[in-house]
């Protein structure tokens, strides 16, 4: 008797399963047909990093070339290029500057630190996105808040070179199109 | 020539052929499974001969067919048993080669 | 369709089935791979089933396929798989010796009854008969439960015994492990 | 038959040295399960010696996805090592985040603000649910049921959406920071999480109806891979694998870290230690995680999400530290030996899957292949975590 | 001339065979589409929808892909047996279709032993699986083949028993006669012999190697079991055969239990096809709902439950028939 009850119970469990799949069968689908529709939650998407311009000058990044980001990056995918203006720097100083060893800028919560003794001009801010693991250490560590994640969620490329960006050039071209738009 | 031949003879010739092939197989095969296959051939020949004899002569039809059915049942039983025996033999001797299966080695 | 055409077709069918039987039979006894031998056997089984059909005994033909092909062959396949004798079964190393020593004997052994029986049959062959009507299942059943009830019960007992024996042998094997 | 060509197919070191047991009789078959087998979920390879469908012996072969995480810890600064943690166990990345961050905080004596602790608890438990959901789907997939994984993924996607909101990532999170978390949660996050929890509570009965009660699944799990407590101890198995055997050991309860000692939750345990018990434990843990998240959301204090007085550079004193958290698969431990420089002298990751995996070889002995697959699935292995 | 030829039994059979082969090819496409859509809807996905309107051409694309693939014979495989297996799996299906009464006059070959013919030829399926598994020189294939044998031994018997009970009741092995015996929904054998239907349907699921009884291919255990090594159309033919077997077992179930082409309003053939595809749909729901059983569990179900129940059902049927007479 017990066995029969057990059997009926187990057969019923199969029917319960079929009932659930039948109900799901009738429900609307939840997948999103990507090329025709887009997902709605891209607002919080984190793409590669981008330079943040000064509030009054969209052409110039807030970057003070302290080298913190390049230093912190676990994958070493950031490299900075800059040159000096104003007083001459001796070669030794220049080397140290390039390595960013003496410019440990205190955390200043996004405020620009007092102008450096030596003015540096950013020539290029290279990001090798191939190696980037999007950890965000550079963004959070930047003393002047010069870095931000882009919202570029549809980035595709065919070659490694497609993911090697010069963020400064990107910034300038973006500013150019923006100002162009504004002018128009 | 052939169309003129008696159908009964034709079928019996086929049955004989099966028998001969089976016999040949039993002698030539080294493994038990091979022999089993040959035995099946012979059994088939027997079945064919039985049916032909019953169908193509005034003998009772059902008799031949029932006989063949019984042969088939026997074949199934035999195959089951031989399979089990082969398994045991294989477990014990590590081979199903009939020439190597001998415990008469003192 | 004319009677003659049907007759011709029957002969064609016969030739086809005979071909199946010969090819299959040869493969069954000659091929070095046991699986191929089994395929030969199955071919032969189909040939014989076809001959049953020619004799207007479809029940037997289907039973032949059901029992032999569906059950017995699969069992044999199982035996082949379990005993791992995939190739070189007929003994590639001393094939010649085998053929030399025993083939002649085998052929002789095979042909002797064949010759004797063939002569007997040819001599006592009755006149060709028109094909009798198909035996119905009901007739067969009555036959099995009537005059042949003993044989029927016996085959049941044999089957049961075979099954029990196989199970016992199989269990012995597991225990031995 | 091309024998010379066949002879090239003899196998590699493991298959050739995994010779049949001399004590075994009869023919056995050496079978490679993996590294590309549908049920090894990744690149685990198990060499098994089979007698028919029965498994005589088995031996896991590791290293196909070894990335030297521990060595990488020695060449990176404390901060730079953070993103690695998301990659050790990609399914419960936040627990690894937590283990490492917690270890460094313990080493350096960094205080974590209470809000950050609660955020960590919420996100980590959400991540645990998503990990268990994936295990659930994949386990049923191992057992031949194809549909559940799609339902599991549908819910898991919602968790990933929620976590993406604060972490910015969907899988390999790098969210926790020394002294807090990288981004604060907002009201939308809380609202979405609450909504999800309500939704998830309605989904669980469906899961149980579709799978847990199913007689076929019970037949595949009950009395399969019975794991005695003594064996767990021998191999150091933790997490649901240990709890399925009836030991209520949970790091959150026995070595409380963060705010877990202020939250109410049960530690579900099994009775027999079979695959079904491990299954039940994980299903019950999801419910407990829901409870924890609800309490944490209710008790969420205001305040900074990251400690305001952090040192400029993370250079700890000489010393060593061990910190453990409860991951979805068991006890995750991080041991750091510091020599006073910016990089750890030695960093050791104790991954639960590694210990749990080695139970498999002993459990699978003498079982059917299908049962072995069921056992392997019930251990919830994550291969990158095994190899690290 | 052609019409005359078609009128002869032989001509009729040949024409039926041609029609059946065409039907099988088309059926393969329809069922692939159906399965993928059903699976998609159950899993809250759209299923195929890119190729053609609503993805209708997806099966054609699948077929083209399979045809275009290179046929690889594994190293060390017995090439003859390896390539023989798909054909052994497919050829008997076409024959199985011959005696199925699709409509009052739409029967490929009217024969008294139609049921027996189907049972005999569908048994060949197991052989083809074994052959494929053995011939491909692959350990997974070998394990799949061993499972196929054990499975076929287990499910054939209850299948025969349940079918026999119906044959007893109808007093015939002719499918058309059995169908003619069920006029009106209440005289369907589904309601007269529900136990036989359950036994038949479970065994038939095993016969078609569909989940939850897809042990010979069990992709999570044996990667793909017996057809692990098959590429391109080798695999395609197995696939086609599996779908065709589904139709065969469902058609037999329809004829035996669901009154065949019995139904009001529409011509019989539509009723028949509707019933067949409804049963196919149930088989598909099985596949996408249940986990796979272990093979010893399948044997237990068959030997401990289905065979005794089938025997009891058979004896009961015989007794009732005797009493009624």
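Note that the chains are named A, B, C, D and E in the order they appear, and that numbering of residues resets to 1 at the start of each chain.
Quick note on the criterion: a residue touches a chain if its C-beta (ideal position, glycine included) is under 8 Å from a C-beta of that chain, and two chains touch if they have at least 3 such contacts.
Here the structure is a predicted model, which means the values were calculated and not measured.
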item: Inter-chain pair with the most contacting C-beta pairs; value: B-C
item: Distance-to-centre winner among chains (Cα means, whole assembly as reference); value: E
item: Between subunit C and subunit D, centroid-to-centroid distance (C-alpha), Å; value: 59
item: Whole-Å gap separating subunit A and subunit D, where each centre is the average of the chain's CA atoms; value: 28
item: Gap in Å, rounded to a whole number, between the CA centres of subunit E and subunit D; value: 43
item: Separation of subunit B from subunit E, taking each centre as the mean of its C-alpha atoms, in whole Å; value: 32
item: Overlap residues in subunit D, where contacts from two or more other chains coincide; value: 1, 25-26, 147, 151, 154, 210-211, 214, 216
item: Per-residue multi-chain contacts in subunit E, two or more chains; value: 42-45, 142, 146, 288-290
item: Shared-contact residues (touching 2 or more other chains) in subunit B; value: 91
item: Interface residues, subunit D side, partner subunit A - complex; value: 76-77, 79-84, 86-87, 147, 151, 154, 161, 164-166, 168-169, 172, 174, 177, 182, 206, 209-211, 213-216, 218, 310, 312-313
item: Residues on subunit E engaged by subunit A in the complex (per definition of touch); value: 38, 40-46, 49, 285-286, 288-290, 305
item: Subunit B-touching residues of subunit C, taken from the complex the two chains share; value: 7, 11, 14, 17-18, 21-22, 25-26, 28-30, 34, 37-38, 40-41, 44-45, 47-48, 51-52, 55-57, 59-60, 63-64, 67-68, 71-72, 75-76, 78-80, 82-83, 85, 89-91, 98-99, 102-103, 105-107, 109-111, 113-114, 117-118, 121-122, 125-126, 128-129, 131-132, 135, 139-140, 143-144, 148, 151-152, 155, 158-159, 161-163, 165-167, 169-170, 172-173, 176
item: Subunit E-facing residues of subunit A, complex; value: 7, 14, 17-18, 20-22, 24-25, 27-31, 33
item: Of all residues in subunit A, those that touch subunit D in their complex; value: 9-11, 13-14, 16-17, 19-21, 24, 30, 41, 44-46, 72-75, 104, 106-107, 133-137, 140, 149
